[in-house]
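Chain naming follows the written order as A, B, C, D and E, and within any one chain the residues start at number 1.
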């Protein structure tokens, strides 16, 4: 390569080639093992680690969320049969809203598209499915597919501008579209007699059971399954490839682009997927209530749903579910309180929004961050320990050994520093090698013991006869060249030795 | 069309943004295994030129070539998939992700998916030896740059565009960067285009240097000649070398 | 009290769990130009931000003209900064902490936001344009569209607009071409400091050598006293 | 013995209907207190179970009804819901007697269509269709009485909910049936909430019809209309405001500008002896802003339930249902009888000539700041008076 | 389209502009979508109502002439604006101060203001009941002739007042120091802090100003509709949409948007086969259209910088 035969004034080439050559491993095929989702060896993320304090290895569960999920949902499932009709109904409503919110979280959180057309998609497909059932006699099992299809188409339409617009503007656009849907449905004369609501929709609940106990339980069961499906979709999209790509893009679009991620397409995919899921939910909604009304499109309801998501924690499925649980319980469960319950809801909203920065599910992390801050403030107070820790690694060091080692080192250095005197230096200048006084010996031993990075090397330049010497600092890392510390030339080796000695002393004093 | 032997470049690029003429009739080309320097005073249009080459800005005139094919209408990620890798002036990384996740994202960015092995290889290649559990946001400038490089090298790009890779680095790090670039050029035969204000680095590794001023190429050639060129002196060093 | 303008005692600061500064001690007298040189990632910026009360947490005392502006008041980043600025400390942040949507002129005016400065902002603007003629024709341009270098000039210019007693200038030459860096440094050196002081952080010692009255090295979050030695050539 | 529960779903937090539903609740409360003061029903006290209801949505309606049936109320007395069927289904599910003032043909159709299922569901007033027929026939009477309209156009201004739509349709049907005596003028669409009536006024001026039928139901907005109309009236045309003015705030809001406007309701508190002393009782109890419609009907509903419960076991729903079907009760709003396929009282004077045989469709006019009944003749307080802008 | 229509359109435009600018300003200066704006509107309306109720008799006894009218008008408007301003302060204290420098403030403040809105509406409903309240016709209900077209007094006055006020606000934003402050904070609050601009002290006047704008809008609009707890909803929606249509943060954009929407509404209102019920649809269709053509609204700002 021509750069070798080119003198560059300002720059001296030292150790220009790396020691080791990194070859690309061949036989990739061996490593290309595709594992279908959910077929991994461990269902729970166990992490084995070696505890430097107790000196034994321990297994700990990195991610405890699966347990919480099973606890919460299982609890609900077990509890419901013992509830009163009203609360069975509330539980079912909770499941439906939770499903909607989980999917919406997918759109807002994962895809980062701030769409307010969620309920519009639900409503439109609900209307479509209901109409198909009531007026075209579509059997109920086909309603959800129809809903999904309508959702898909609507989603495609909505997705078109989503790449051009961003943030609140897209929100406004979707809001407008939702409003247009509402009004245009409200203008359908055929529906006018029933306030443009479609009633008497078929359902998976036999009409004999409608609003009877068994019907309610069946309805709840259906809603519960719906919620599970929504969670499954969330899991599949959010933590598999698409989710990862989207997260990268969310963090830094420029980076994503440079790496070749087509995040617009990914977004688009997720959005359309989610929309058709919402469509299916819409059909279910119509089936569940056996009727569908314009209120689906109402802005208040939409905002309330959004509040649920935020209360729980935006971007997390557990957040969506938790927030929904709380708000639905208050809003529907305390209906006896009348308007007061709305005040309570608002109070909850305010308190959570003011205190928790990531919603309820983010509180843990927030608390840990807070504690870390306090910890480091305390560490800052006692400069002794950790005082020697570099900024990069200043976080809690698990291995206390290291800290004590450094502590000892610090004491030793302080002792040595005190022993440094001009005549000590003079002594070394006089006789770099050979027998030394005790203090100087201690000092030199200390230097010898130090780690590689702090050491210096001597470079001989010029022909052997009339050579001179320069001082280099070792990088201490394999393949990393030593660098020249300055451009002084030392005629004799001893002077070079002494220069190095001075440098070391310099460093010692500075440290 | 590119001159023979060149594998990447642009012809007669004219770009104006917001009514301002940023680049006027800029052409450059680079061979495989060649390190090309691009210098110029601030605001000369270097980054803009990169944006054109990598596809963020689409020029009003002129076109960008990779070997035979014109890239004109392709977006950044499409060019990236064709093997045009670029880095940014500021060390961008997905702050919240861990290094492991970031590499995984890069692996799975598009078909063919790379194996975890490739990621390890790339990380090793660029000497990114921070723990893979650290979040990218907590890395220092150099490691951030390395992370992006690893993500790019994993795919064995054909061209590497680097915008001020040494800004904010210290000498040892610059030396290491130097090594990396040479390795890419020599062993993996990348064509590298390098915007740099640190002339020692540029002088050391660049085979040719283009000088851009007020959006126009004012000089081209081997570094030392170019640095001595009067117009360059005037434009870039302001008389003082 | 003419002895020291700013006195920092035992200042520690960091971000969350990360501790960056380890009890820093130093002080500046009026009329002084202090340079803090250090490898990157070693806390220069953090030091400045700590003085401006902009870091995650901090403790230790910062006396400005005998007035305590330090301490552990972790009420949230930037709560006290405006007050500190009004006391007379102007800082140009590293990188571009600037207003992308404002024009260059408006941007400079922001620098002269304090009531007194506001009155003769035009004169000050002229002064800045003399330092950086490039900005003169960019007056109406949106700062968000300027190149890296141009942005740096703008934000330095902004600091010069205010009539502070202490300028904290963080890496003025980061990412600047040699020509421009020289100009910038010259500009900084030529600013008359009657009774004022200036602290500059730099990685490139060569640029500053001779230009400033004192140089301190910064390593791993500690000040290493006067710089003469080779640790960071 | 334990109390007899009357479920009263009452809209308290929804955007519309809150005023009416409050009136109804007041009426119910008044009746219950009277009955309890008189020793209750068969020694058992009455108690109202009030719950908030979202009358705009099927979900809300159903869940409110369920709350009530869940509390095992002995009857549900509801002012109205906007979507009848879900409410009726919910009630039918537990067979609880359900008396409502929906004033909707749809409910009646449903009952007719499935008597077995809805046999315990009764509408305590005639369908809204009578607003239309009734009004046009009343015009005929006026003409017969010697009133000369300036032309025979009827200009309809219609709101969008089903209620107003149905009414508008019935008016048009009646016009068509009037054999050319009346012709349909322009039809102007409005939508709640109406911010500003200027466009409507322009339309009215343009059409300059002899009769203007403002088919809207929100008192406040009708009041706004009254004001702006008074500001520049259409000379000599008769203005009819549908139902809305019955709500208490109307007169206060209109602040005198409603003088001479005519409005109607298919059920309302009469001004005869019975009606009068009910009004005085009401005002004594709840202060002087009394709605003319749901106050009285709520009162009557409880009273008639009480009379039924006197000699049927409240918890035997079907028995109560059939008892109600046989019942004939004279209240402050007229006479309630339910023994027809629709299980709703007939509309006097259009369905029966006998004022004692049904609920009267009242027409009222605002005269010197008061609502005065001007028709039907049996109940009229005053004669119609030409409006100020005639 | 004739003069009265133009007047009507301008009248709508004026009211919408007041709301839209309030929202737009708050967003652009302190990055908060103020959902409590509807509540501000309603509260101000009630305040004006009670104030007028209280003082009207006194003033009538003092004089029934024009001067009486004017005094009453001024006092009512003042009451409304003051109440609005105070409510603005309340929102500032609850929704802005505690979290303005905390992570994802935008969303959290959105939720808080939303909650405030809901709570306030319910509180009003609870306190004053569902019945609507009529403000005295402070500008009279008369009409007068101008260049041959008879126009309603209140509409005319509304238009004039709004134009004047908005002109003042715009001017103030352009040239004054505070105006620069506001825009600086909107761009980058840390940078502003480094200029000695305190976000918190910039936000307070903004909230008060916008609050009293809402108050003014309330009094003016209540000349043709009545005050009731949820009176704020429609203005809020309209204001929000128009603010976005105009491009958040761009006050001229908001004004333009308001005028366009006003005329649109007026015209759709009279087109026979469309009629008022299509006003909303047409309006939103229009907005969708505009956004498709100009993704950042009419006066969209540049808000992306470069790597």
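FYI, contacts are C-beta pairs under 8 Å (C-beta built on N, C-alpha and C of every residue); 3 or more make two chains touch, one makes a residue touch a chain.
Everything numeric here is computed off the predicted structure, so don't read it as measured data.
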### Query
For subunit B and subunit D, what is the smallest step count along a path of chains that touch one another?
2
### Query
In terms of CA centroid distance, which chain is the most far removed from subunit C?
D
### Summary
Highest contact count belongs to chain pair A-B
#### Entry: Centroid comparison with subunit E (C-alpha atoms), farthest chain
B
### Whole-Å gap separating subunit C and subunit E, where each centre is the average of the chain's CA atoms
42
### Message
I'd like the Å distance between the centres of subunit B and subunit C, where a centre is the mean of that chain's Cα atoms.
### Response
31
### Summary
When centres are defined as mean Cα positions, the distance from subunit A to subunit B in whole Å is 29
### Query
So which stretches of subunit E touch two or more other chains?
102, 122, 125, 277, 280, 306-307
### Sequence positions of subunit D contacting 2 or more other chains
12-13, 160
### Query
So which stretches of subunit A touch two or more other chains?
187, 254, 339, 342, 392
#### Entry: Interface residues, subunit E side, partner subunit D - complex
4, 8, 11-12, 122, 125, 129-134, 137, 141-143, 152, 221, 224-226, 228, 230, 233-234, 266, 269-270, 272, 275-277, 279-280
### Summary
In the complex, the residues of subunit E that touch subunit A are 33, 35, 94, 98-99, 102-104, 107-112, 114-116, 118-119, 122-123, 125-126, 237, 240-241, 244-245, 248, 277-278, 280-281, 284-285, 287-288, 291-292, 295-297, 307
## Note on the structure
subunit E partner, complex, touching residues on subunit D are 12-13, 15, 18-19, 22, 160, 186, 188-191, 193-200, 202-203, 219-221, 223-224, 227-228, 230-232, 248-249, 252-253, 255, 289
#### Entry: Of subunit C, residues touching subunit B in the complex
18, 39-41, 95, 134, 145-150, 174-180, 182-183, 203, 232-233
### Query
What residues of subunit A sit close enough to touch subunit B in their complex?
1-3, 6-11, 13-14, 16-18, 21-22, 24-25, 28, 31-32, 241, 244-245, 247-248, 250-252, 254-262, 392, 475, 479-481, 483
